[in-house]
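The next block holds one structure in the form of structure tokens; read it before the comments.
Labels run A, B, C and D following the written order; every chain starts at residue 1.
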Amino acid sequence: MSKKERAVAKRKKKWDGISNFFRANSIWMLMYCTGCCAIELPQAMTSKYDMERLGMGPMATPRQADVILVTGYLSVKTLRRVIYAYEQMGEPKYLVAFGPCTINGGIYYDAHPVIKSLDQYLPIDVYIAGCMPKPEAVMNGFQDLIDMIKRKEANGWRKYQENKEWYRENQIHALGELRIKDEFHE
Amino acid sequence: MGISIGVGTIIVGLLISAVLAYVLTKINKTTGAWVTVLAPFLALAAVFLLRDSIGTTYSLFFLEFELTEYGWFFSMIMLLVFACVSFFNVYWMKKMVHPAAYNMLYLLALTGTLGAFMAKDFIGLFIFWEMIVWSSMFIIPFGKSRKASVVYYAFSALGSLAMLYGIFYLYNAFGSFNIQEVLKLAATDTTAALVAFITIGIAGMVKLGVFPFHLWLPRAHGNAPDTFSPILSGGLVKAGGFAVFLIAVVMPSYEAFATQLQFMGVSITSYIFILFGAVSIVVGTLMAIKQDDFKKLIAYSSVANAGYIIIGLAMTDALSVGGAFMHIFAHALASAAAFLAVAAVSHRTGTTKMSELGGLIHRMPLTYLVYLIAIISMAGIPPMAGFISKWMLFQSMIDNGMVFVATAAFFGSIGSFLYVFRPLSAVFLGQLSPKHYKVKKAPVLMMIPMIILSGLTVLFGIFPNIVLRIVSRIQTSVGMEGLQFDGTKIIGSNGSLDPTLIVVIFGIGFMIALVIFLLHPKSRKVELMDTYTASEFIYTPELLHYSHSFYAPFERLYKNAPDTSKWYKAILKKVSEIGGFVSYAFFSSKPRIVVFWIVIAMVALLWGGSV
Amino acid sequence: MITIIISILIALGILVFAFLWQTTLSGITRKIVGRYQKRYGPRFYQNFRDIFKALSKRGITHGWVYSFGVIMAVGGIMATVMFLPLFGIVPFPGVDNFFIYVYLFAVGMLGMAMSAVGSGNPLAGIGVMRALTQMVGYEVPFMIVVLAMIYGHGTSSLSELAAIQQTSGFLSWNLVKMPIGTIVGFICLLGMLGKKPFETFIAPAEIASGPMVEYGGKQLGMLMIMHELATFIEISLFVNLFLGGATPIVFGETTVLVGLSSVVGFLLKYSIVYIVSALISNALGRFKIDQVIKYFYKVPIVLAIIQALIVVFLGWGV
Amino acid sequence: MNNIIKEFVDNVTAKFELMGVDYPADLQVSLDFDQRDIHNALAYIKGAGWTQMSLLTCVDWIADNEFQLVFILFNWKNGVRLQVRTRIDRDKPVFTTITNIYPGAQYYERDVHEFFGVEFEGNPDSYKQLFLENWDDIPPLRKDFDAIAYSDRKYPARKYKANFSTEAGESK
């Protein structure tokens, strides 16, 4: 590690110390509703469980968001877009994965277009189990994320920065090329 | 005894340099163009030095000139615009069809404006007025369209004839051509004043491009050579303001029409003029919002701004006339700068269509800043000069309680945000089209005049009193109440304005924002195409650029509004029908018609003989 | 010189108060809206957390105009706030006239629009287009009503307009004197605040929050500060113009008590206006942009002209 | 209604060499044609009122070493649905395009080409990728495509320290 890098790391650490209080209590979500788990989010957001009291709210674009919710199975086609969205987010950023499909492929373990485990391609901070996870589980997962941010354990984005080559290699292995270019993308 | 510089010397000098420019351009194009740069600068310096000798009369052959306060003010604006724009001539020589003629006419137009502003009598005014019309009429077809010139000439002829009628009427009534004298006499005679007001007023309105005479303006401005559009918009159009100023303030109209029905604090005749101004604000704004051509958009905005000028002049109170003068000055600077920015863009990219451009800020940042300052001034946002004039005009509108006129003015003022933002967004911001990747910065010589104009706009936005004190002197010289000042403050009738303080406070706000910005983590620089697309991969910048029919939802609401050009087309059809009949009846070579006329003539003769 | 420095310090004080007050009130309103929707809602200081979190994030930039526009936006809005009179304290007496607020406010808006379109996202361009189009809608009726008011009272100074309304209690408020104008003013206020049904330019589900689409990190944080300050300007304008400004709610001999109660009176009116507009916003859907323009040029502008004609020709409400 | 269907089937039988007719349900008829006749037949059927092409898909009969192309056509006048079917050789899956009869078949042909590898002569666009981006194996819906092997090769599975999964019926 060169001197400059160390200085950068030190500055980052200092900033994190000041900012983690705010970050933990103000989490804006980008909901990447890929699968069936997304149906559990409305309950968690509205009057029954009221996500806003944790300071969480939905956002329109990845630029504004702090956490990306991957709710369910990912086909390779979707994975490309998720990676793109994740890389567009500002740092620090967190990723919450829902359901077994993101863990080991779930019921799609043998499907040709569906990936098996998301953590090969993107760093995951919190898994929420259940097929589909109940709103209680969702809320519990978010509470875990908040605690992790407070304890400075939600370091997925840093891991992604540090092991970028490893992640990139895995992504290329599964996707062929990261950004697709065909007649639909002109 | 040294060479004394007088108005006559300047005019003769400009005429000689016009001929010189023609001859030199025939030999070498660039040298000829430099003559058009030098001559206005020398004239500018000369007129500036004449500041102390205001009130002196000069004579040149049979023409009499008098340097008045307002003549000097108008001449300075005009020379400033001509001097700044002339730098662009150097670059346009290769693109012109007749560079020599262009250079000569360019200087002749300048001579015409100076002569008109300084003429002592109406004959001089008319001669030089025609000189402006003719020289600019021949320049306009050097651009894109010949037809534009015809439209321009048709309207100008109307204005000139109206003016000529007015001049002869006044001569008939008072036996003099002297402007000051005749106008003062006319103020005592309501009928003469009314005739003068309407005829010379029409001439001024045509030149200003006020509704319903606004049609020539976008055509001429849009199609004139890129170097001449700033002259038209920033300079020549303002000559119309001069004509309106003569009859509204020098006369002055509030004395002449004191016996008329008073409405909203002004006479009914003035109010009708004000209403035309209000309509042209609305029409100009709505049409400007619709345009796709960068130049036409600014041309229509000139129509709207002409509305403010005529409203200010026709209201004839201290604030409004001061506002109108400030507006003439601010708009001359701003629209010249905006047109020069267009010219720079057109020079580098070869188009002025907004839907074909985009993202030029990454290639021409200084041109962008020039345009930004120009539009801030045009939209009347502080801290630019345009804000001061709008504030003054609004003050007097509110004082007079002119609800409908103010509605139009407010609409035009807010609407101007729409149309000035569109080129900013579509031409300079947004995605850079691949065909413009290799566009270079504007050349240094083009930057000089643009920066001068922008600098003046900012300077007079912060310290408007420099100009307003001159305006105040003009007002006292024509027997009006002058503007009031208190340090950097301008005292209005229901509040005062301190532009310098506004700039200081804005500076403080900006510094606080800058500190907040710098205290926080540095941002990561990303490509322009790395933008939110709902995670879809898009590779064509043109498709990611929002510039085509920008205000579509708003345009839809008035797309069926009546179009003035249709009325004129109907009139044109009728005129050509009558003309056709006349030529059929009187100039036909068909034997039976000739025989018919011979018979009629003989009958008439015989009849006459028998009586 | 000293007086100018003192004035600037007062203005900075007003700026800080405006930010703290409006951000707190936004949080409280979020809580109230939460209760309105049978939720708990966030803490009342949630907006502070959001702003500082956004500031501490590492965002992106699309070039110098993207950042410069944000600084210009925040600077312009801060300058506007610094001109505002608050509780009868006028930082720059004599020059606080209404047009400064309208046009200095536009500097901030222009900066934001410039920066948003400078990001190169077409959705931002569409958002700005809608914001400007909507501005043509609400600004004109509002200015006509204020024209009538300035014509009637003979001053365009905001503090003097407020002071005139404090002469004889509730009955001298413009709410009572110009009821039609007040209605127009409130509708236009909803348009200015971008509350539903006039939320066209944000429209998160439609154009991905419009001008804000590319912002993240400190630029977003600064725009949130700007948003809070802009809300403060708009609501204070409304309260000062129509609701009598800082009117005391306790009358008596003690100057201190009356002064304090006038502070409370101002803040109370301010809160009521803001919360009511937030509740209206949460009960309604969104207009399309051409519906917004049609609406503003059908109802409020006609009412505004009627109000202006009443004031100018009949002399009522002066 | 049955008369109409019967009449239509009779007409088709008179004109073309039918390999088989079936009535799977009410208002549904399935017609099997030889590969040579199919284009003429489709043109005739379209002329007879079946103007909408609802679906073009493919069935892999791996035991017969044949692909079966299925065209589902719909008639808006009488609501009768036709399944027009034909078989082509699996080793050389080439078929002439029907986009000149039913232009809507464009995307279905790309779909079938992508998932089964059937080539449509005369439709150059059918080679462009549609759903699968950068596919690098034999077409995935062929019966001889091993999805599990592909999935295992392409997408690394999670490694567990203990074996949590048990086969059905197996006791722990």
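Note that contacts are C-beta pairs under 8 Å (C-beta built on N, C-alpha and C of every residue); 3 or more make two chains touch, one makes a residue touch a chain.
These figures come from a predicted structure and were not determined experimentally.
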A-D or B-C, whichever has more C-beta pairs in contact: B-C
Chain occupying the most central position, where position means C-alpha average: C
For subunit A paired with subunit D, centre-to-centre distance based on mean C-alpha positions, whole Å: 39
Centre-to-centre distance between subunit C and subunit B (centres being mean Cα positions), rounded to whole Å: 36
Intercentroid distance (Cα basis), subunit D paired with subunit C, Å: 62
Subunit A and subunit B, separation of their C-alpha mean positions in angstrom: 58
Multi-chain contact residues (two or more partners), subunit A: 15, 61-63, 80, 88, 90, 180
Residues within subunit D bordering two or more other chains: none
Multi-partner residues of subunit C (each touching 2 or more other chains): 56-60, 208, 213-214, 217
Each pair of chains that touches, named by its two labels: A-B, A-C, A-D, B-C
Subunit A residues touching subunit D - in the complex, by the definition given at the top: 76-77, 80, 103-105, 109-117, 120, 170, 173-177, 180, 182-183
Interfacial residue positions of subunit B with respect to subunit A in the complex: 521, 524, 530, 532, 535-540, 543
Footprint of subunit B on subunit C - complex, ascending: 8, 11-12, 15, 55-65, 67, 70-79, 82-83, 92, 94-95, 97-100, 103-104, 106-107, 110, 113-114, 117-123, 125-126, 128-130, 132-133, 135-136, 139-140, 143-144, 147-148, 150-151, 154-157, 208, 213-214, 217-219, 221-222, 225, 288-290, 293-294, 301, 305, 308-309, 312
Contact set on subunit D toward subunit A in their complex: 128-129, 131-134, 136, 140, 145, 147-148, 150-151, 154-158
Sites on subunit C touched by subunit A in the complex: 30, 34, 37-43, 46, 49-50, 52-53, 56-60, 204-205, 208-209, 212-217, 220
